[in-house]
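So, here come the structures, one by one.
Shared chain: chain A. Partners: chain B in the first complex, chain C in the second.
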Partner chain A sequence: MAKWGMVIDLDKCTGCQACTTACGMENDTLPGENWQDVLFYTEGEYPSGQMKWLPRPCMQCEDPSCVHVCPTRATYKDPDAGGIVFIDWDKCIGCKYCMIACPYGVRFFADEAPLVEPDLKEIFPGSGGQLWDPPGQSPDQDRKRGIGVQPKGVVSKCTFCYHRVSKAPEGVPDLDEDDPELVDYVPACVRTCPPKARFFGDLDNPESNVNKLIANKNGIRLKDHTGNRPQVCYLGAGAGIPAFQPKS
Partner chain B sequence: MSADTIDRNNTGLMTGMLVVGAVIAIVTFAIVAFALVTQGHAAFNMDANVAWGLPIATYVYFALMSSGLTLVAALAMVFGFKQYYPLIKRAIWLAIITLVAGLAVLAMELGHTFRMLWAIPLNLQIESAMFWMGVFYLLDLIFMAWKFQMMERGDWTSRLSRQVGVASFIAVLLAAGTLALVFGMMSMRPFWFDPTLPVWFYATAAFSGVAALVFFTYLSYGMNRSRMPEGLRMDLEGPLPKLFLALAGITLVLFLSRLTTGLYANAPEVNVVWSDYLLASGWFHFAMWGGILLPFVLLLGRGMRNAPGVQMLAAILVLVGIFIERIYFVVGGQVVPLFKGTWERGLVEYAPSSTEWVLTVMGIALVFALYGLGERLFNLSDSPMVTAGDEAASGRQATASS
Partner chain C sequence: MRETATPQLAYERLHPDVPEVAFLASDCLPGRSPLSRCGECAEACPVDALQAARGTLSLADTCLRCGQCAAACPTGALRVSGFPRSETLDGPVEDSAAELPVECWRVPREAMDSGSLRVPCLAGLDSGTLAELSALRDAPLVLVNRGWCESCPAGGKTAPMAASVAVAASALESAGAPPQRWPRVEDRPLPARRAASKSIPLPECETRLGRRELFRQMAGRSAGGALGGAGLDSPAEGAAETRPLVDKIAALPRQRLSRAVQTFANTVPASLSPRLGMDESRCCNQRVCASLCPTGALRVVNDGNGSGLDFDPADCIACELCVRVCPERALELAPRDGVSGPLIRHAHQYCRECRAFCPGNREEGLCASCAKKYGLLADGGYELLFGKPAEHPRDDAVAPGRDETSPGRAGTGPREELKGVEENL
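Our next item is the complex of A and B:
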């Protein structure tokens, strides 16, 4: 079985947020509850200050702290599904301990005050336990893997678009959106990225493009000191987080 | 001593407390339940940045107060300090009801409370500190209820009663310890990350537990020590205020250690939390100076320490101060955003919603109501000895009667 990984080249990323939009549409997330987001931040001060941005999906960590803390095993890492970390919405009790334990801040409890107005939960009220009923709702639903429209009172997160990736032919080293045979299986954020800053492939396959990129372009993992060992790697300048400084 | 041999002039007050507390608890429960049904958890102000807010802080406050009360009761139950016997039945009852109140608040905060009842035991995630916290607090509750039932039957010192007392002590150490580790093991949250956090939790638990014991004991007797049974009166004139002082001192030393290392640390997730969040708040200053230092100073002199008014004042200061500390502790671990992005240039801002405050009031009202109920149903001042002077003889009688 593949171990799916993502490579994001920050030298190519323009911070356009197309990935964020595509993710929201693909996964029917509420506005602001961005499973995939591009964070903008500044580093340093005038005259050497820099503007930076960082696309941030779930890192699908090899040793995910969210999985260790979950008291019901609702969140779990599935080695048979490419090592993706899922949330079983039928087991999640909404304690939010995983949100505390995730060093990357990529878990969401969308049953909260709206982050963006107007509140779409009021405009498209949910039925059947769903938080909302978005128009043109995706047919892909898998509560055991946290795929579909989020129910009330549970945590949700990026699934590497498992509902697409899982249909890919066995043994492919990479899911490249430029390959007409594979384009339908590529995660939405990768497929939509205009400057082609994202790559998706099998980290266990020595022939995969993602492995070559990581090796040749000094791929690094974000906040590697946490020991979570993400399956998402960053290339290029600026693949780091400046220390927090309160605004003066 | 049976319930009908004690002066219980206070039952009118307790009945009023029971009724008023129950009404407030029911009304506040209805308000929160209605908000959750109509708005969902949008009724709370927590979000992806601050996932745990006032309800969790209230749960921690009550759970640790419960643990502290059991630790105090353990002085007599486990360690043989018999002068504390007149306190322990009230302490155990308070421990039971504060834990129940804390769990009630927690239940309203969770996304799926009833699912928890089967999902946790059926999935046995033993790697999670939260799992163990649940196991140990459940055991703690069972042992405390068992011990209380034994004391109610007059069985204070039988072999089984002592064993249950020891078991509840061990359970409470494990429960409060794992509650601390729910926070303390989070290396990605440096403000909390601390292997010695259980020590801080034990100390402040006992501190708030003694404060609750002093507060409710005086409440039961209308601040009038002459109405109290002799053993209880003697406790409040000597051993209990001394213990209160010692715990104030221990808490103060530990707090200064946390404050110093927090401000000294270079890591902004620790340093900035102390300098720009905790110390920037007037409420936190009240908790520090009013809730820890002032009670310590008030209790230093023997004359002051033994005055009922001073003890009550110190107890109220501690109960309020530690509550504030719990809020700032829980929120403090989350106010530095994990990523300094455009949307989070400064510390994360969080203020509890009105529904969260109503939920906290529900917990407080529940404690008052159940305490009033306890005073109505049981003789919480019961003790195996009539006075401290003949404790040995009474202890033997209690054993024989069991």
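Our next item is the complex of A and C:
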């Protein structure tokens, strides 16, 4: 079985947040529950202020902290499903211990007062224990993997769009959005990225493009000292707008 | 009044040949959390027919159907048919002035009082049921010891029922119940040759004789099917829906005991109230404990005075899951003298960057997700992602998690217009 990994080229990323929007549309997440988020950092002050940003999906760590702390074994890493970390919504009790443990902050608990008004949970009230009833098309419900509309009181996270990726033919080295045969199996954020800053493929396959990119362009993993060993790598010298330099 | 949600739940058979024993996996403590070390059922089994490992039970066909596993289970996740369930009784019942003898199925009917309650094994009655059956009536419950227990395969010792009777009696005593209403064991020896069988007879031999009628006499009302254990004589197999773990469980044995003592006292006495000690300097208000609490004895509270935890010892089964899961090791459990009410309160905090309500006791003023956001740049993360910091020394301090002026400055964004937030900061 493949070990799915993602490569994000920060030299190409423009911080447009199309990935965030595509992820929300694909997985029907609530506003603020951005499984794929772009973090913006500001530094300095006018007139020499700078902005930097970092797209952040779930790292799908090889040794995930969240799995170790879960007191109900609800979250688990599935080596048979590309090494993706899932949440079993039937077992999740919403204790948020995983959110405390995750070094990357990529887990979300949407069953609280929202950051933005109006509260979509009230506008589209859910039925049958569901948190809300999104107006769009959701992926097929898979509670054991935390896919679909979530029930109340559980934690949710990026699934690498497993409902798409899992349908890919066996043994493909990369899920390339430019390949018409494979385009339907590409995760939403990768599929939509306008500057093509994202790549998705099999980290276990030495022939895969993602492996070549990591090797050739010196890919880095975030917070490697934690030993979590993310399956998401970053390339390049960072994404940002350089500071205004007044002419002397 | 005593209706609970449990009869609809998916109790499943543990062994196809032993339909009398039913198990509800979602109520089993080790099944809910690997932090639980509960193995009371397997320990209680007199013939080692029941094995418990990591929340899955396996039952051998050597099971005697004595009900001792169910009596030991703190949450009522196991049920054995043939035992009365006090939930289905309304109290106080009529015609309850006379004492009620309880006999085991091995005792021949001609040797016992006509109004006796018959159960497969006296040791299979849990203390909650004993206490509540006593509380519902004016006269005591008398468990008749015929002196056969030592040689009985389900017994193995002189009076195996004595322990739960003592617990029930002391519970009623501490609640101020008069001594004549405490359950007790009474020795009425009978020669062993008069026993109807060497071990507990099969239910077919017993039900033919109308256990239900006898129990109806005792209850003084039409008992209906529920007394025999609805959904238990024919437990559902497989297909039924399981309860999500996020739902709290009823912990019936504890509820029975609480109800029994509350017929005599307004509150659960101190000797039956586990005490949860809280180290307030350690608690970070993460509330993991309250989420894991199986019964809801520990609850999250958000009110005008802040957010924190409430504790109600009446619902506490002392499973210690909260103590073990607490990331800060702030909790400890003592067996008695617990009080109901607020356990801890933290002042409301709002993140100075995103203005979100943050339950944690966060000194840096950032909510968990904002702290994580800046944490990604700490420990060399910034250099890794963005290269060396800019040349301007003034602009150096990029990781604003450590920089007081940067992220939360007044007037940095539209969020400052959110009403009612500033004064709480």
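The rule is short, and it goes like this: the second predicted complex is superposed on the first by the 228 of 248 C-alpha atoms of A that agree within 3 Å, B and C clash if a C-alpha of one lies under 4 Å from a C-alpha of the other, contacts with A are read in each partner's own complex, and residues count from 1 in each chain.
One rule holds in what follows: a contact is a pair of C-beta atoms (placed from the backbone, for glycine too) under 8 Å apart; a residue touches a chain by one contact, two chains touch by 3 or more.
Keep in mind it's a predicted model, so treat the numbers as computed, not measured.
Novice: So, on chain A, is it clash or fit between chain B and chain C?
Specialist: Clash.
Novice: Determine, under the contact definition given at the top, whether A:A113 touches first (chain B), second (chain C), both, or neither.
Specialist: both
Novice: Applying the document's definition of touch, where does A:Y104 land relative to chain B and chain C: first, second, both, or neither?
Specialist: both
Novice: What is the contact status of A:P246 with respect to chain B (first) and chain C (second): first, second, both, or neither?
Specialist: First partner only, chain B.
Novice: Which partner chains sit in contact with A:I220 here, chain B, chain C, both or neither? Use first/second/both/neither.
Specialist: second
Novice: Considering only touches as defined above, state whether A:I87 meets chain B (first), chain C (second), both or neither.
Specialist: Touch partners of A:I87: none, neither chain B nor chain C.
Novice: Between chain B and chain C, whom does A:L10 touch in the aligned arrangement: first, second, both, or neither?
Specialist: second
Novice: Looking at the overlay, what does A:Y234 touch: chain B (first), chain C (second), both, or neither?
Specialist: Second partner only.
Novice: What is the contact status of A:S48 with respect to chain B (first) and chain C (second): first, second, both, or neither?
Specialist: second
Novice: Return first, second, both or neither, reflecting whether A:L39 touches chain B, chain C, both chains, or no partner chain.
Specialist: It touches chain B and chain C both.
Novice: Given 26-34, 134-142, 152-160 or 296-304, which one is the stretch of chain B whose C-alpha atoms run into chain C?
Specialist: Only 134-142 shows clashing C-alpha atoms.
Novice: Counting contacts the way the document defines them, which residues of chain A are shared by the two interfaces, the one with chain B and the one with chain C?
Specialist: Overlap of chain B and chain C footprints on chain A: residues 39, 41, 54, 56, 69, 71-74, 91-97, 99-100, 102-105, 112-113, 115, 152-154, 243.
Novice: Touching chain A in the complex: which residues of chain C?
Specialist: 32-35, 242, 244-246, 286-288, 291-292, 321, 325, 327, 354-357, 368-369, 371-377, 379, 381, 384-387, 390, 392, 394-395, 397-398, 400, 406
Novice: Under the touch definition given earlier, write down the residues of chain A that touch chain C in their complex.
Specialist: 10, 39, 41-45, 48, 50, 52, 54, 56, 69, 71-74, 89-97, 99-100, 102-105, 112-113, 115, 129, 151-154, 220, 222-223, 225, 234, 237-238, 240, 243
Novice: Where on chain B does chain A make contact in their complex?
Specialist: On the chain B side, the touching residues are 40-42, 44-49, 51-52, 110-113, 115-116, 119-120, 123-125, 127-131, 134, 182, 186-189, 268-269, 272, 276, 333-334, 336-343, 345-347.
Novice: Which residues, counting only chain A, touch chain B once they are in their complex?
Specialist: 33, 39-41, 54, 56, 65, 68-74, 91-97, 99-105, 107-109, 111-115, 121, 131, 152-155, 226-227, 241-247
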